[in-house]
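Below are two complexes that have chain A in common, paired first with chain B and then with chain C.
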Partner chain A sequence: MTVRLLAFAGLRDVLGGPKRELSVADGATLADLWAELVRARPQFGPLEGSTRFALNGRLVARDATLAEGDEVALMPPFGGG
Partner chain B sequence: MSAREPESLAGRRELRRYSRHLLIPEVALAGQERLRAARVLVVGAGGLGSPVLQYLAAAGIGRLGIADDDAVDETNLQRQVLFAESDIGRPKAVAAAERVAALNRFVGIDALQVRVDAANARELVRLYDVVVDATDSFRSRYTLNDACRLEGKPDVYGSIFRFDGQVSVFAPGGPCYRCLFPEAPPEGSVPTCAEGGVLGALAGLVGTWQANEALKLVLGIGSTLAGRLLVIDALDARTREFELAIDPDCPLHGERARIRDVVESEPAAPRDDGIPDIEPGDLDAYLESLPAALVLDVREPHEAALGLAPRALHVPASVLEARLHELDPATPYVVACRVGAKSRWAAQRLHDAGFRRILHLRGGLLAYAVLHESFDFF
Partner chain C sequence: MRYEIGAAPLEIAPLIAAVAGPENGAIVTFLGVVRADDDPEGTVEALVYEAYEELALSEMRAIGAEASTRFGPARVAIAHRTGACGVGEASVAIAVAAAHRAAAFDACEYAIDELKKRVAVWKQERYRGGAARWRPNAEV
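== the complex of A and B ==
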C-alpha cells in the first residue's frame, strides 16, 4: 500500500523534498516505515529519537498502524528563534 | 480582577493609547487592566523575541522581563527588527529594553542579561505569569519547559527554520514540550538557523502568533494552542495543525513523572565515531605537509557560492552517496562544511565505506575563515 509522506524543516533535505509517496507492506506500522526510510537514506538514522510522526493530523506513537492513503508527517524539532 | 474606573487622570491618559483594545468587547477596560497587571517573561530577544516584545509592550503588559545574554550581531538585523545598525555589539537585553521603553513608557521592564539555565530558571519563571520561549537552543527550551511545568506557568512556544515555524502553548495540565519531543536531538543532528538559514519574515509570523497567544492567556479569552501544534509553511503559504496529547511516558506528567527539579538538559552527545578532528588553525600546515591531502567540501552548491575552501574537492553532502565511487580511500581527506555539522555526518559515511585517512574540520570553514579574518562562508 502507498502512504503520503510530508517532511518539515531540516527533514526535507533528508527526504529529498517536502513530499513523497512511499510503498509499505500491508499492516506496516510507523516504526516499519521509519526502518524503510533509514534503509533508503542512512541520514535518517541518528534522527530517530528526535523525530515525531503525525498520522492524518494527530501526533501519535510509533506503534500506530498505517492504512492505504494515510498522510504521515515527519516532524523534527526546529531549533531557531 | 474586576473592571473599575481608572483611578486617576494619569490613568485615564494612559488608557487613551489603548482605545482600540477598549473597543473590543472581549478586552475592554477590564481586559486592559488585566494586561496592565500582568507580568510576562520573554526568553530570547532575537527573531521571535523582537515581534513578541513589540506587541506585548504596545499592548500595555505591565511588566516585561527580557532575558538574553547575547549581543547584537550584524547577521541578526535581517530578522531581529527590534534592533538598529547602531545596536551592533550592544547587549540585546539592554538594547531591547531601550526600544521597548521608547515604545511604551507605562511598561515596567526587567532587562536580564542572563542565560536561563537550571540554576536560575525556576526562580525567574516564578516572578512572571506567562513565559514566552523565544530562545534558539534546545537546551534552553527544555530548561524553560521544565521550569514552567514545575512552577505551574504557561509556556508559549515558538521555533523556526528556513520557511517553517512551529507554535504551541504548553499550559499547566496539558501536554508539554517533552510530550512533543521527549529528548533533545543529538548535538549537530538538527541544523540551527546559523547553519541552515531562516527567512526573516517567518520570524515575524511566528513571533506574532506567540504574542497573540500570550495576550489571550493573560486576558483569559478565546482558545489557545494548548494541545495543538501549529506548523506554518511560509514557502507554500500553508498552515497545518497537529493534535498533541499528553505522553503517558512523559517524565513531567502523571504518576510516573521523574523530573522533580530543573536539571541541565544535556543533548545526547554526538556518537564517538573514531574520526579525529583537525583544528581550523592547523589546516594550512596540514595541507602544506601533505601535498596529496584534499579538503572534501560537502557544502551544498548555494553555500559553496559564498567562498572557496583551500585545495578543495567539492562534493555536496546531498549527493555524496551517489558520488562515493569518485573518491579514493587512499587520499587523505579533511571533510569540511560551513560549521561542522553536515561534515560530521559525511565523515561518518566515508568511515563506514572504509575510508580511513579522514580528518574532520572542527567548527567548519566558517571557523577557518574567522581565523584568517576573511569574510567568506558567513
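== the complex of A and C ==
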C-alpha cells in the first residue's frame, strides 16, 4: 500500500522534498515505515530519537498502524514562539 | 477564543477584542519578537517560520482550553506568524482575559511555555551574510 509523507524543517532536506509517496507492506506500523526510510536514506538513522510523527493530522506513537492513503508527517523538534 | 497561523504581520488589538468581556477585569498580552542574536554563525537578521497548520492549530486550541481550566476561567487568543520575520517583528502574539490579573498572567505564561514545547512550528535562523540554520527550542 502507499502512504503520503510530509516532512518539515530540517527533515525536508533529508527526505529530499516536502512530500513523497512511499510503499509499505500491508499492516505496516510507523516504526516499519521509519525502518524503510532509514534503509533508503541512512541520514535518517541518527534522527530517530528526536523525530515525532503525525498520522492524518494527529500526533501518534510509532506503534500506530498505517492504512492505504494515510498522510504521515515527519517532524523534527519544534521551534515556535 | 481565536487561534490563527498566517503570513500577515501580527496585530494584538484583534486578539484583545476576541478575549475581552464584561466578566473579565484583566487582559494580559504577550508578544514574542525577533531578536538580533549574535550566534557563532553570525548575527540573526530574520527568522523564517513554517507550520504544520492543521496540527499546530489543534494544539493551540488544546493549550488555550488547558490554560482556562487550570488558571481561569480565562479566554485565550493565540496567533503565530509563518514566513520571514525581521528583527523587531512579532512572531507570536497571545492575549488572555480573566476575572483577575493573577489568573491572566499565569494563563498567558502557560500558553507561551506550552506553545514552544508542543505546537508544530519550526524556525530557521537567517544570518547576515546569507547562512541559515534550523533552530529548535531548548528542551525545558
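Following the convention adopted for this analysis, the second predicted complex is superposed on the first by the 77 of 81 C-alpha atoms of A that agree within 3 Å, B and C clash if a C-alpha of one lies under 4 Å from a C-alpha of the other, contacts with A are read in each partner's own complex, and residues count from 1 in each chain.
Definition applied: contacts are C-beta pairs under 8 Å (C-beta built on N, C-alpha and C of every residue); 3 or more make two chains touch, one makes a residue touch a chain.
If you're wondering where the values come from, they're calculated on a predicted model, not measured in any experiment.
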Should A:A9 be classified as contacting the first partner (chain B), the second (chain C), both, or neither?
both
Taking the superposition as given, does A:L59 touch the first partner, chain B, the second, chain C, both, or neither?
both
Regarding the shared-chain residue A:F78, is it in contact with chain B (first), chain C (second), both, or neither?
both
Considering only the touch criterion stated at the top, classify A:P46 as touching first (chain B), second (chain C), both, or neither.
first
Thinking of the overlay built on chain A, is A:G17 touched by chain B (first), by chain C (second), by both, or by neither?
neither
Looking only at chain A, is it chain B or chain C that touches more of its residues?
B
Chain B/chain C common contact set on chain A:
8-10, 54, 57-59, 73, 75-81
Give the list of chain C residues in touch with chain A in this complex.
32, 49-52, 54-56, 58, 80, 91-92, 112, 115-124, 134-137, 139
Seen from chain A, its contact residues with chain C in the complex are 6, 8-10, 54, 57-59, 73, 75-81
Show which residues of chain B lie in contact with chain A when the two form their complex.
44, 46-49, 133-138, 141, 158-162, 164-166, 180-186, 189-193, 196, 198, 229, 231, 233, 236, 240-245, 268, 271, 318, 321, 345, 349, 352
Which positions of chain A touch chain B when the two form their complex?
8-10, 13, 16, 18, 42-43, 46-47, 49-50, 52, 54, 57-59, 73, 75-81
